[in-house]
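By letter and in written order, the chains are A, B, C and D; residue numbering begins at 1 in each of them.
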Amino acid sequence: MKNSFGSSVSVTLYGESHGAAVGCVLDGMAPGISVDEGYLAKQMSLRRSVSSLSTPRKEADKVRILSGVYQGKTTGTPICMMIENGNTHSADYAKTADLLRPGHADYTARIKYHGYADPNGGGHFSGRITAGLVAAGAIALTALREKGIVIGTHIAACGGVCDRPFSPDPRAELEALADAPFAVLDEAASTAMQAKIIEARAAGDSVGGILESAVCGLPAGVGEPWFDTLESVLSHILFSIPAVKGVEFGDGFALSAMRGSEANDPFRIENGAVVTSTNRMGGILGGISNGMPLRIRTAIKPTPSISLSQPSVNMATGENEEISVVGRHDPAIVHRARVVADSAIALVLCDMLSLRFGTDYLKPND
Amino acid sequence: MKNSFGSSVSVTLYGESHGAAVGCVLDGMAPGISVDEGYLAKQMSLRRSVSSLSTPRKEADKVRILSGVYQGKTTGTPICMMIENGNTHSADYAKTADLLRPGHADYTARIKYHGYADPNGGGHFSGRITAGLVAAGAIALTALREKGIVIGTHIAACGGVCDRPFSPDPRAELEALADAPFAVLDEAASTAMQAKIIEARAAGDSVGGILESAVCGLPAGVGEPWFDTLESVLSHILFSIPAVKGVEFGDGFALSAMRGSEANDPFRIENGAVVTSTNRMGGILGGISNGMPLRIRTAIKPTPSISLSQPSVNMATGENEEISVVGRHDPAIVHRARVVADSAIALVLCDMLSLRFGTDYLKPND
Amino acid sequence: MKNSFGSSVSVTLYGESHGAAVGCVLDGMAPGISVDEGYLAKQMSLRRSVSSLSTPRKEADKVRILSGVYQGKTTGTPICMMIENGNTHSADYAKTADLLRPGHADYTARIKYHGYADPNGGGHFSGRITAGLVAAGAIALTALREKGIVIGTHIAACGGVCDRPFSPDPRAELEALADAPFAVLDEAASTAMQAKIIEARAAGDSVGGILESAVCGLPAGVGEPWFDTLESVLSHILFSIPAVKGVEFGDGFALSAMRGSEANDPFRIENGAVVTSTNRMGGILGGISNGMPLRIRTAIKPTPSISLSQPSVNMATGENEEISVVGRHDPAIVHRARVVADSAIALVLCDMLSLRFGTDYLKPND
Amino acid sequence: MKNSFGSSVSVTLYGESHGAAVGCVLDGMAPGISVDEGYLAKQMSLRRSVSSLSTPRKEADKVRILSGVYQGKTTGTPICMMIENGNTHSADYAKTADLLRPGHADYTARIKYHGYADPNGGGHFSGRITAGLVAAGAIALTALREKGIVIGTHIAACGGVCDRPFSPDPRAELEALADAPFAVLDEAASTAMQAKIIEARAAGDSVGGILESAVCGLPAGVGEPWFDTLESVLSHILFSIPAVKGVEFGDGFALSAMRGSEANDPFRIENGAVVTSTNRMGGILGGISNGMPLRIRTAIKPTPSISLSQPSVNMATGENEEISVVGRHDPAIVHRARVVADSAIALVLCDMLSLRFGTDYLKPND
């Protein structure tokens, strides 16, 4: 297991879906960063289900800060946060404990943990573990915002419906998305996506989607090739988020069908600064930020828990057997995952900036 | 800079395109693995240009082993390999040293290295640095093959032309690809792709492509969530390869438009073993291998060096200025990149297997 | 800040002396290891003061397990433990908050954290942070014991009084020390040491000491030179323990005055196994265990908090000023530190063994 | 094997005593640092034997720079250096290849590498591997000197003879030691030590010693507790150096016998700066530099290769057998090890400073 990530700024996650608590330890953040409980609570609420779209787990998701914050500011020492679990229905899982849920980690966890893992609610493989990431991310996002670096994510696609992409300079769009429970730029797309989700739920099925994230204000010169390119480190953390199966930067896979003359972003001088006229590279050249907005797209597979019957295997009997996953589950998680993406990106950028410019870089100016 | 990657098995890369040498240090490989100079030379040759497709740099690319190999076998100590550079034409670069080449790292390297980096041929950002990765990868591929684990990559798309995908059990296809200079499954696609490359070259332009890689024989239970999922670690190294802008596993981005009932791979018992009927997840569930073939797709942007005129900036004058990149360059690198992908994947798997099963796991049975 | 240590098995510490809680996240432990709450409580109690020797902080030091343990056994996922603080007297510190306590981290913490660190009770620099290490260590010690590896530490010197050293095969001595509140081999030395501590307390002063640790049962072949020699990794964690200023292995500094013919441990065959006749090297050759008992000595400086008046600086006024440290403090910590040393050594060995033999190595045999 | 060390600035070592070459990759050094071949050669010469004291291996030890240096300055990319081996007498080793040399890694290497390691001259366990460390260290020392940070080491003890200790402000002493082939402060001690070495050689035996190192000019606030205290990271690398068996900071083990009132360094204001009146803590409080000189002592065991007959085991026969180590070997290495200590300390400080203040910190001011 490797539940810590980051070098200068690192995050460690812990917890099981139905255990005592989930949470994180955020280490290496500069001292002096404001920790606002209201903002923390707001970010946690974005990770929870939208009530019209699912039968959500009713967790207060109250974050308790155990260390590293003093008089409302980070101290520079490790910040442990915990979110106690409640409202657990382990009985739901007991019935089908020996049936492998397709699309879940049930089988691979059995092999790796030899049957000792907590099976309830997916245990440590549950999406609930992202609560700790979001708590850590809230502090990272605050620190970056103080430096003029803003991160945001919208649902670029869901259930086959597409939103319009971010505009070339998306700062205002990022601000506008900050509090949206269902983060979409185009209202019509939002309505259509939500209809698809409800339709899937009615069919006992689920849908996936694509997140598009952007970062404005990141200075040029951040990234540590050869191996710790910005793309490498960002994709590393994004692929850690459950259900992510693809990541691309800038025009990503579409670049593979272009010619060089179309793909290359032309340089020009603008107000004395070097900029590019297009941003097909997503703000990254040679693995290092070039000062243009970062653009990242993340593919989210459909929620694996569906009530439709699926072929499976009963590990107790060794026989093929159908499974219908009962209990509380979401027909879509893409709208909940967007704050997870923001948080993950923020943590990476805090780490890369602190490596590049020192451990005091994120400290507010006095 | 972060030029080392891996935990139990690690690789460190060094070198500049026009410096004395490029190469690697491969550390942590088990003792006793055969190092065959013929195989090493063959792998290096796959990384070089196909003569009909480009005006290649004529490097012998002879690998000199400085340490870590004794009597033809790895000793368990670090293996330093060097490939001396020759045939360098630095004069080609001097003419345009102050003009930022679009799509290249010229601008970001200036910001990061304050003008001290070796500019010739892209310096440490050159694709030539992958020679060290291929040398290390040759030993990793040998070690894995001894354990029944086979890795291979074909050009799934190039210049807009698509190859057929790997079949569900691609072991034979992987073997067949091993020595192909232009690795494609469907001969007609190969011809069409090469025509596209030649066409782009004639236009002073370039093309990109998509690589599809597969791994057969990887045991279930490999991967270290939460953060070191197989997808995370594989994408990390793949995004380190110059020109890579997208990575997806299994059906990747296509999964985002499916319903759960379509995306989930049904389980079933086959000859006493748990398998899945489809493999949309690409052999990875919960970040851990499930025993099915790994499937990975990597998007390669078009080669940024093109002779067509492009808008740029002259850093000496601070003025906008057109650039036409002269000198030796490839109209496509996708066919050369496939052995780099194989090597990168092999190094990650050696690391993950050694972490999981111990540092002697890759040692041949006596 | 770097509050995580270890590679395959890692521990992350968090907490401040007077914050909400202190604790740890232990990651990478094999699944199936028994977690016995009684043993955990016993280990925690060894870290607390002996009532006759100090005016101890009366903490219950109850460990609450938040994750990673299911049905009394480790699951293989991260184990977060917390020990809530109570009985804090921050008012004691407010009076002298601007006076630098000699021998403490007050000054260096100010420089590093720019005044944002929690000053009460030393904050994150308090010896109380070792409570998390001891909690993690209890699980590590249990896992090792199951594999026949036993660790123990006695007070080799305190206040100038010396205990007798471990015998060549100290396994029985290690067992005997397990529950001792004041761990000494020679009862007379124990009495004399405690007299020295009480004498120092009466004088408003403090004493230091030396710990001698031993490990029996560690297999040969563990250690990862060049840089991760057993000595390197053990000293790394031992020097993290507050107040440690020296570490030596085997005969350590005394070896520097010997001739080679005296220092070299002669090899011989005993019952078919290679052993050494002496063990001046402390069980480590070339940075790798040789199967003989490990022997480690750790120097502990005197507790810096003393009530005697000392010259200092008032950071608010920038003037020289005398300080007398008031409040609860120990005239010695060497007897409390021994369980910290055991825990630290155990965590390192779990990590090194898991790296060497795989992540399942510490899993109990079924 | 773990042959890389460091986080922001890292060094990777490779090579075997009798292989093609030994060397290093130094990664993460800031761009713009001068690389002076004369200084590099001088440092390498300090690592070689003093001819009056041993029958030295006559290596030119010419350092060839393969990458990372352009026009005499570091580029910011990895610096690979190689030192070709010559003058190897592998035949010397063949005779006794199955006899375990007491005090050497022969036995532990067999267990760990299963007989595949290069046995000649100790292979990767040879002191010759430190040549790569010294080459890397030369660049690190240059970078630090530019920032006013000076490092030096003298032989505090050898063969039972003691040098006088460094004075409280040892900067001038450090400068004076820079080029000394036998680095001692007190000339009489030097003569006596060398007599002891020659005496030991005549007896077919060897001696050890103690190194005292000091660092002047290190700013306060460097060190990353809890786990990466300055003591932790420095001891980690020092214990990687072959033959080191003890490390202490400040008064080290002697502190354990003091009272707190004697051990604590009083603070006072001097010219507006906080200083301590004594420096028993060796410039480190709470694991963080306090601006006073660092003081480090390192115990070196006697060279294990002696020609006197010693009891051993023949691994081919499994029988006890006497061994007399023939071939070239030093009766002492302490005078050669001092430049290795300087280099190791310099590499750690470059890493810690770059982590603390950013990757450009060591770049010279323009």
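Everything that follows uses one rule, which is that a contact is a pair of C-beta atoms (placed from the backbone, for glycine too) under 8 Å apart; a residue touches a chain by one contact, two chains touch by 3 or more.
Keep in mind it's a predicted model, so treat the numbers as computed, not measured.
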Problem - Counterpart interface for A-D, drawn from C-D, B-C or A-C and sharing over half of its contact pairs - result: B-C
Fill in the blank from the handout: Chain centres computed over CA atoms; the one at greatest distance from subunit A is chain D
Fill in the blank from the handout: Distance between the CA centroids of subunit B and subunit C (whole Å) is 45
Exercise for the section: Between subunit B and subunit D, tell me the centre distance in angstrom, where each centre is the average of that chain's C-alpha atoms. Expected result: 38
Exercise for the section: Measure off the straight-line distance from the CA centroid of subunit A to the CA centroid of subunit B, and report it in whole Å. Expected result: 27
Handout entry: Where subunit B touches two or more other chains at once, by residue number
Key = 1-4, 13, 112, 124, 359-360
Problem - Residue ranges of subunit B touching subunit D (in the complex, touch as defined) - result: 1-4, 10, 12-16, 19-23, 25, 27-28, 31-32, 64-68, 70, 73-80, 82, 112-118, 123-124, 359-360, 363
Problem - In the complex, subunit C residues that touch subunit B - result: 7-8, 355-361
Handout entry: Residues of subunit D touching subunit C in the complex
Key = 1-5, 13, 100, 102-105, 107-109, 111-112, 124-125, 129, 157, 159-160, 200, 203, 205-210, 220-221, 223-229, 231-233, 235-237, 239-240, 242, 244-253, 255-269, 272, 274, 276-277, 281-282, 285-290, 299-306, 308, 310-313, 315, 318-320
